[in-house]
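For clarity, chains are labelled A, B, C and D in written order, and residue numbers in each chain start from 1.
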Amino acid sequence: MLYSEKVMDHFQNPRNVGKMDDADGVGEVGNAKCGDIMRMYIKVDHDTQTITDVKFNTFGCGSAIATSSMATEMIKGKPISEALSLSNQAVVEALDGLPAHKIHCSVLAEQAVKAAVKDYYDKNNISYGKELQVCDHDCAHCAGE
Amino acid sequence: MLYSEKVMDHFQNPRNVGKMDDADGVGEVGNAKCGDIMRMYIKVDHDTQTITDVKFNTFGCGSAIATSSMATEMIKGKPISEALSLSNQAVVEALDGLPAHKIHCSVLAEQAVKAAVKDYYDKNNISYGKELQVCDHDCAHCAGE
Amino acid sequence: MRVYADNAATTAVSETSLAAMLPCFREYYGNPSSLHTVGQEAAERLSLARQTFARYLHCNPAEITFTSGGSEADNQALLSAAALGERKGKKHIISTQFEHHAILHTLNKLRKNGFEVTLLDIPKSGVITAQQVKDAIRPDTCLVTIMFANNEIGTIQPIPEIGKICREAGVPFHTDAVQAAGHLPIDVQAMDIGMLSLSAHKFHGPKGVGVLYVRKGSVPLVNVIEGGAQERGKRAGTENIPGIVGAAAAFKEACEHMAENAEKVSRLRDKLIAELTKIPHSILNGEQERRLPGNVNLCFEGIEGESLLLLLDQQGVEASSGSACTSGSLDPSHVLLALGLPHEVAHGSLRLSLCEYNTEEEIDHIIAVLPGIISYLREMSPVWDELENGQREHVI
Amino acid sequence: MRVYADNAATTAVSETSLAAMLPCFREYYGNPSSLHTVGQEAAERLSLARQTFARYLHCNPAEITFTSGGSEADNQALLSAAALGERKGKKHIISTQFEHHAILHTLNKLRKNGFEVTLLDIPKSGVITAQQVKDAIRPDTCLVTIMFANNEIGTIQPIPEIGKICREAGVPFHTDAVQAAGHLPIDVQAMDIGMLSLSAHKFHGPKGVGVLYVRKGSVPLVNVIEGGAQERGKRAGTENIPGIVGAAAAFKEACEHMAENAEKVSRLRDKLIAELTKIPHSILNGEQERRLPGNVNLCFEGIEGESLLLLLDQQGVEASSGSACTSGSLDPSHVLLALGLPHEVAHGSLRLSLCEYNTEEEIDHIIAVLPGIISYLREMSPVWDELENGQREHVI
């Protein structure tokens, strides 16, 4: 198979899929031209700076959906600081690997998390460093893992 | 099959194969470098200028042996004049065809007949024209049908 | 239920074709260059296979060269015509935007060697016009290469008209008939085709066998593979006798049942098209009329092709997408882009390619499962969300 | 009795190999580039086949490229090394006089593109020395290509020694192992082989499948066939899955039974050599020791090879000659000429190539019929007449 069982499981039974109307932060990365768009919604407990809930919407291939699903699982209930340190490699490993030309999907998932946090920070006037400058919807950049 | 049934018959059961100790004319054409040598022996009735017997020896491929055999059959009992008009095409036709790269064998057979007659003419001081100038054992010439 | 609807990618070998191959593996296994009986038996079979292709293509057996597939045949056709062109000082080639990569990549190679290539635009119909070819021909044109039918959208090109124009202009004409052979009538003489490529595994023959037809006395072949004197010295390598024999058997079978197969398959195709285009914001790519009997190619707005394929496979439907997902490319199909579809729509394509083995029940199964999958994926899609919200405009 | 003794030309497909192929025609018939189940099943089989070749060649699966045969693999290896050489300004290639035409003709093509080619002389033994290679290497040498074992006379070249020299000199080393693979142990790492070609039909696999091994990070492959992204983009065309699977099964079988097969076959070979060289004025071409287990190659003075083969076939013995009789050439074997045999002797060659399917009885049959045929042909031969008369000198 092209994909591991884990990938197929997360693709076929994606966790946390859906929209969130009262999200504290929403991040969208990728673009339709590239063939992958991920939108991630987070709900944050302001006191503990913890991500209490997360949802995603994804337009994309099997691995784009699976990485979105896996990433939401990996940050749900976690402090924002921990979510921000989620690396695409960690997502790939958690999925038991991805085909080489699909690694960019995991990069997108990492960036979607960061974009959602950035949005939350922006809305709440919390300052942050340039590590939160995420994907500028530039195809070559997105794909250039 | 590479060869027609006729060719295989003449190859497997060559007619008139052998040497002739009291030949009136002997012709040898081709050379071992090219991979084909034909030697033809004729017995001539001096009065009627008829070929009363003919034998051949051939070093060569299946079609070289078959064309030798067929050529001897075609000239045996015939007036020399008729034997001299034997063309390689006639031999090819009589054999129901030859593969393209084996046509040169039929040329060799035609030349072997001419060489034997020439030898008879030479031995008997009979003059002849340049149509009896046969293969000079030059490879390129032999093969250049 | 499992439904194989990817016959444009490859087909199952037919029983007839397999039966023809079987004795060649362990009984008539000789090398046709060998003089002995088992070699000559192989040579005989090779010669009969060549005659079969010649008969159904309406050419001479000596005009048939066996290759390892459609790609090799395409490569050899183009490189040969280019070599002849170069000798005559003509270095311009005409082709189309939506050829197979076996053509497009070979053209790129030729570009690097100083050839100029005109790629004709593809109208929305998916069918180019002979006039486009005529307008593009120049005094230095050494080759026109236009596919007989497109592999993604199945549209059939006006080959006889193009052939006539090329004949009149004295320009060699090659057609990549890999998708057409065995499915559409081909007569290289009546259609003025000078060179033609086909591949056996597209009509229930084995993989790894192709045919290159070249009209005698037109373009001298240059070798893609150098070595032994097989195929009149133009294609080296011990001949794949079982494959070639199986290819010929499959071609004969396909040509003899062409009309009935086409009738059956196009009926299934039309039913699929009628039902699936009822899904909102879906479109049939390329016109329905001049189309391979088995080809359905649709785009669905708001979703991406690969996830659609995976979910279809889960429901037992084996199909493909226009996009080269699995080949490591992130770009959507060059064919759909050539048709003028925007990138995001081109990503949402689905190709269902049928053959005479497909049944009405299978078609009904596809019709039953597809709409639900589309809805599910749209539900999950931020693009669909934007389309529905009016943040993004519907294109189809 | 029929005796197939032309296994160097091609072999019968083994039962194991055929059994491995069969399910790939109508069951696992998918295109490995397709995402769906039947496609991925094919992809899985392709990957397993690659692993099999890697295991028995002692390399990495990613270093294996499947081609349509030995000729294509040879062509691609040489063109790739030459392209790398050209980029580095190195345009000198070392090979031998007695390579297969897939090598020699490709070298001719490269010569036309400005490459200089040194063809090493062949000693009487039929085995070149590593020192010959060492002496020929120059600063601008971009490739050494030496066959593993010769296809006509079966002599085995000192590959590990040559490999070592090339490694030390930093020159890419390719070996055409088409005759060796499956018959002799090959370890590309231990033997310092950088590139290697093989062909499945020489070890009871199917025709039309070859393998090119290239050490990772050494020579980047250039495409012989352009098109789709198969084989990491280095060899376009839908993969011949049944063939590749059958090739892998045959290779595994051959490698696992190599020692016992070699023992059996070389015993038969040695018996043939011992008995047949008793025929007056006959000679074994190439030394007996460093020789493929199945190869016997003899010359008989005064006779020509083709007629010998035809008569042998009539007696049930299927063999071949060194000469390229059937290929339309009138020249005797370039291999025998390279050994220093005169033309007329080279014309009288006979190659008997055995495999593990041959039996003692078959060998006895050959020994029984051959001398009579030789005598018969000599009887008819004017050359033999001259040899016997003393008008011509015996050479052997």
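Everything below uses one rule, namely that contacts are C-beta pairs under 8 Å (C-beta built on N, C-alpha and C of every residue); 3 or more make two chains touch, one makes a residue touch a chain.
Note that the coordinates shown come from a computational prediction; the quantities given were computed from them, not determined experimentally.
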Centre distance in Å when subunit B and subunit D are each reduced to the mean of their C-alpha atoms: 39
Chain centre separation in whole Å, for subunit C relative to subunit B (CA means): 55
Whole-Å separation of chain centres (CA-atom averages), subunit A against subunit B: 89
Junction residues of subunit D, two or more chains touched: 35, 306, 310, 325-326, 328-329
Subunit B, residues touching no fewer than two other chains: 2
Topology of the chain contact graph, where touching chains are joined (line, ring, star, complete, other): other
Every chain pair meeting the contact rule: A-C, A-D, B-C, B-D, C-D
Residues of subunit D touching subunit A in the complex: 35, 40, 43-44
Interface residues, subunit A side, partner subunit C - complex: 2, 8, 11-12, 14, 17, 19, 28, 32-39, 57-62, 64-65, 100-101, 104, 143
In the complex with subunit D, residue positions of subunit A that touch it: 1-2
Residue ranges of subunit D in contact with subunit B within the complex: 302-307, 310-311, 314, 323, 325-326, 328-330, 332, 343-344, 347, 380-385
Contacting residues of subunit D [partner subunit C, same complex]: 2, 4, 6, 9-13, 15, 18, 21, 25-26, 29-31, 33-39, 68-72, 74-75, 100-103, 105-106, 108-109, 199, 201, 206-209, 223-229, 233, 236-243, 306, 309-310, 312-313, 317-321, 324-329
